[in-house]
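Residue numbering begins at 1 within each chain, and the chains themselves are lettered A, B, C and D in the order written.
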Amino acid sequence: MVEPILFVLMSMAALAGAVTVVAARNPVYSAMGLLGTLFSVAVLYVLQLAHLVAAVQVIVYAGAVLTLFLFVIMLIGVDKEEHWEEPLRYQRSFVAGMAGVVVLMAAGLTFFTDFDWVPAAVGGTDPSRTIGTVQAIAEPMFTDWVLAFEATALLLTIAAAGAIALAHYRRRPH
Amino acid sequence: MTELVWLVIALPLAGAGFLHFAGKYLREPLAGWLASAAIGGSFVVAAVAAVPFIQGGEHGTAVSLWDWMPAIGASMEILWDPLSALMALVVTGVGSLIHIFAIGYMHGDERFHRFFTYLNLFAASMLTLVLAGNYAMLFLGWELVGLCSYLLIGFWFTRPTAAAAAKKAFIVNRIGDLGLMVGLMLVFTTFGTLSYTGIFERAGDELTSGLATAIGLLFLVGAAGKSAQVPLYVWLPDAMEGPTPVSALIHAATMVTAGVYLVARSASIFELSTVAQVTVATVGAATAIWAASIALAQRDIKRVLAYSTVSQLGYMFLAVGATAYVAGIFHLMTHAFFKALLFLGAGSVIHAMNDEQDMYKMGGLLKKMPVTAVTMGIATLAIAGIPPLAGFWSKDEILGSAFERGGWFSVLWIVGLVTALLTAFYMTRQWVLVFLGQPRWDEGIEPHESPRVMTAPLVILAVLSVFGGLINTPLRLTLEHFLEPAFELVKLQHPPEGVGMFILLAGLSVLAGLAGAAAAYLAYNRSSDEWRGFEGGFEPLWGAWEKAYGVDDIYGRVIVAPGKRAAEAAAFQFDIPIIDGAVNGLGRVFRDLGEWARPIQTGYVRNYGALFLAGTIVVVIWLVAGGA
Amino acid sequence: MIVGAEWYMTVAAALFLIGAFGLLLRRNALIMFMCIELMLNAVNLTLIAAGRALNDLGGQVAVFFILVVAAAEVVVGLAIIVAIFRRRTTASVDELSELRG
Amino acid sequence: MLTWLILLPVLAAIIVSLVPSRRSELHLSLGIALAVLPLALAGYVFWAFEPVSGYQFIEDVTWYAPWGIGWTLGIDGISLPMVVLTTLLVPIALGASTSIEKRRKEFVVYTLLLEAGMIGVFLALDLFIFFVFFEAILIPMYFIIGIWGSDRRVYAAVKFFIYTAFGSALMLAGIIALAFTHAEQFGSLSFALSDLMRLDLPIGAERWLFAAFALAFAIKVPLFPVHTWLPDAHTEAPTAGSVLLAGVLLKLGTYGLLRFNLSLFPEASVDAVWIMGILAVVGIVYGAVVAIVQPDLKRLVAYSSVSHLGFIVLGTFAFTSGAMQGAVIQNVNHGITTGALFLLVGMLYERRHTKLISEFGGIQKSMPVFAGFFLFMAFASIGLPGLNGFVGEFLVLIGAYATLPVLAVIAASGVVLAAIYLLWAYERVFTGVPEKPENQNLADLSTREVALLAPLAALVLVIGLYPNVLLDKIAPSAEAVLDHVVEASGLVIPEPGRLADVFVTDGEGE
């Protein structure tokens, strides 16, 4: 009985955090909302037995990335708030229309057709096979996915170098 | 010696090459003497190589040098036969004398060595033309002499008139060359070769008369360009802008006779087409009288001679058109002597008069320049056809041949006779105006006889003008026998047989000559007011003659100006606005399309995002709906 | 009782939509970035749920890579924002429309 | 061997690019010195080339087997003279570029890369790599015109690029279609010229493919009416660019027609004789007429190229051995003479910073050597016998008369028009009294400039008097192309000398 309760709570928290991100006028509140969402999603991961991923989510996202966001917010200035007026014509109505279409479509698919949202595994789900322990994750990662792994390593190096190059402030001689 | 005949071309060519690169290091007369030595050596080689023909029995040999364009059977080969030998001798002989004369004439010119470079190059080119063993090589020489003519007419390039005349000469010649070129295309397509021997031997069997007419007429176009025949003669009078030795060498003695040579050389083709023969002869006769009438009224000493040359070339065309090839070549030779002499004499006069060329401002030069006066007098008599000078024999043979041919040629004979009268008139007029009467010189001019280096060639040419005709008199046809091997494939037209007919015809032409000369003497050996009155009596004809019938004007208005307008229209009203406009228009269409599609790119990333999301939704709907 | 994968999917879809519409409606580049993170998280959630339903650990491995890529992206993206801010003193993307046609 | 011909300029470009930018005095001389190496190698290839038909020095390496792409290089009598000409013109063009100060290193690098591309086009026997080189050439040329050109350089560069790229896009489609046809008929994709020549194309498809190729090459040639990029590109390009553009780039079009259109689509080529012939002749006359009134010397020479290249196209599609040989050798001749004329105009431009004819007059007085070279090259261009232009034009005209008599006669009038536009220009620029003060004391050619022109002048004479140095090597290959066309299309080529009564009616021209 733990799982449904946690699921409901954490889902609510995640969605509430997301709404905060979008709706808050102060970027710091947005960041806090994001933090909430990230934690909640991490718990949802745990509910799905994805332990390693959940840990990484907390460490990398909630720890590193969010801190980075907060630093940049401080750097740029917290007091810069958006005007409520939307400068782009039709942007809001267009987005609202799309939201309506998506919701209607989803509802339509769910209630009026037998659309299969999640394909089921042959022979039923077996949670014991997808327990995301470190060993369990490591095995496919360093066998089947080793090339992608190395590529991401390269990507991180390049990203770090690129970030340094971009952020390096050269005082232009005028 | 025949194997070494290439030296005839190579010597002046080497001279030109040497002078081109080393000329500027040579002192003034040395370059001239070197050039003269080159062409003189060429004359010696030619003379020695011609000995077998003089002895008789030789038919000529082809000397192959190297392959040129094998695909069309064109190679560098020399045909050394009596005709080419004679032409080579005339070119090198008269050429040597003119080279020597030019040493004196060009004295003090800052581009002295360059002048002799061009003269030597011209000699080599002309020799290439006459010694060629096939039409391709003939065309090579044909064009190269045109080049030299261009260079030498425009020698004093700072004079705009000289530069324009040079360009005009080359372009008008090119128009004629177009005909020759098309003729050569036809010849090659017909025979599969351009070699003389291959063509002439087969012409009789394989050439239809229609094709022969076509080739003949096309060759005539080329010949008319080079030999200044109607209607392409207009460049020659203007070519007098060049230094006088050039006029003597190129525009009197040698290059302009190339057309005559071409027709004579192609005798085997013309043999097959009476139409071509008659056309050649008619063009010749028309040119003869047309140019002679213009010469009557010219005031410029060189222009008289220029139109006279055109007229005399007409005689030669009349001869070769009547298939009297020997007569044509004979006249070509004698004309080279006396016309070169006249030009050199004129040059001597111009030299003495500080570049004055208007005969109305001369007069009374006989005492100041006796050698020039006497030698020019001899030449005048020679060209007027007074026996026993050279011109009499050759001109008489032409007229006799035309008379004997009969039919339409009788009309041409009468034209020739009238021309003889006009010739005697304008030549005598010239001599009288220049050498007799009262001096009408401008202030400060002190005429003097030219130096020995200039008069010596005059004297030699005078001697040739007197006796040159004796090599082919009805009594002793030396030249005819000499040339016979070259024309053995064709039937030659001769003057009527018999002493009586000869005396009758010769008497008629001598009478015409004497009448013309006497009339001119009577009209012009008077005060200037009187002969001006005499000229006024011929108005408006005289004015038309003096303006050369305004042909240049007409060409300018009918051909040149509309041509230029058409070119301008093509360039500025068609090429840029229409053709390029279409290209740029196509570019503009796409630019406008882009302009139309441009607002979609608002630059707002959130717009792009919204569209992106909309696209995604559409794709998802499509996928879910089972589209894929 | 086990919560079915479709519920996770529903939550993920909602999360994704909130992120997407936030991205389209907010002008602050930082918040737009956060919205992207939201969307990435939503996708991660679906991957894990689907992986579980299909008995496949690949879903979790993929999430792992997405996390790495997201981190790299954030690093570069924030650096760009900082660089732009230095030059333009604004974090509003609507001011950056030089590439309009 | 041939790979090295392509690689040497690339290596040279790399070496030059490694020299630091501030040592600008080194770039040009180093570039020239390195550009002599391919010339030497090309000279060796020329010397070692056997005068027989077929390709020699073949190199064939499979590059990408699934698509049937091979690094296939070979040289025959048609490409050989072009390769030698290219390697000769590049050092000369570089030598004429001393006045370029701006970004000199890049200029040398681009020129050397251009050389590699041009050589590659002539050597490629695989349509894929041919196309790659064909397109790759546009890039350095685009920069050469666009960076170092005169006032309207960007317009000219863009026009040049888009115009020619547009044509080659169609050709690319044609090449791919051929490769897939090969897959259909022989089971595998192939881009090799020798494979594609064996295809049995339905005549309809063959005509479409011919048109696609012909359009690409016609734009490059350029054939009337797709010629208008040429005057703009020439006028705006720097001297070296003009020299290489006229000397080599235009030849890619005529070479392509000869090598690919005739070989791949012989039947369609025979069907297209009249279209191509008429366009060529219109180009000859039209280019010459338009050249007469051009106010700018470079534009004049550019339009004269349109005229001269018409002769080459006419010779290509006349299908007689004389005309074919004439077309090939005219490729070389035009490269030499027009290249030299552009060099000369460039030298004049360096002195006076104008190319307008009306700005000059009487400069023969102060520049006699220059005037001499100009006149010499002008006469070579006019087609004076004894100089090289004549050999090509005469062979083309005489050869073409057998099959296309009317066109040949009209084309011959181009010879007269050439005399008009060049000599009139010469008259206005060089003769008369120099009235403008800036024309009175122009410096005559320096030793360097004479050294650039002298080899070209020597070639003009050698080819004019003894064209067999080239014709010997050209003839078998030209003959082979002709044989291929005859074999594939059943065309009957009239043999000269057996026509006595066929062409009587065509003899009018006076």
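A few remarks follow.
Basically, contacts are C-beta pairs under 8 Å (C-beta built on N, C-alpha and C of every residue); 3 or more make two chains touch, one makes a residue touch a chain.
Since we're looking at a predicted model, the values are computed, not measured.
Separation of chain B from chain D in touch steps, taking the shortest path, is 1.
Comparing chain pairs A-C and B-C, the larger number of C-beta contacts belongs to A-C.
As a whole-number value, the distance joining the C-alpha centres of chain A and chain C reads 5 Å.
Between the CA-based centres of chain A and chain D the separation comes to 62 Å, rounded to the whole angstrom.
If you average the CA atoms of chain B and of chain C, the two centres end up 91 Å from each other. Between chain C and chain D, the centres computed from C-alpha atoms are 58 Å apart. Residue positions of chain C touching 2 or more other chains, listed in rising order: 24-25, 27, 94. Among the residues of chain A, those touching two or more other chains are numbered 88, 91, 95, 98, 102.
Residue positions 602, 604, 606, 610, 613 of chain B each touch two or more of the other chains. This structure has the following touching chain pairs: A-B, A-C, B-C, B-D.
Chain contact summary for the complex, chain B toward chain C: residues 594, 597-606, 609-610, 613. By the touch criterion stated above, chain B contacts chain D in their complex at residues 66-72, 76, 136, 139-140, 142-144, 147, 150, 154, 157-160, 162-164, 166-167, 170-171, 174-175, 177-179, 181-182, 184-186, 188-193, 206-208, 210-211, 213-215, 217-218, 220-221, 564, 566-568, 570-572, 575-576, 579-580, 583, 587.
Interface of chain A with chain B (complex): residues 88, 91, 94-95, 98, 101-102, 105, 109, 115.
By the touch rule above, chain C contacts chain A in their complex via residues 1-9, 11, 13-15, 17-19, 21-22, 24-28, 30-31, 33-35, 37-38, 41, 44-45, 48-61, 63-65, 67-76, 78-83, 85-86, 91-92, 94. Residues of chain D that touch chain B in their complex: 159, 162-163, 225-229, 286, 289-290, 292-294, 321-322, 325-326, 362, 364-365, 379, 384-386, 390-391, 394-395, 397-399, 401-402, 405, 408-409, 412-413, 415-416, 419-420, 423-424, 426-427, 430-433, 465-468, 471, 475, 494-501, 503-504, 507-510.
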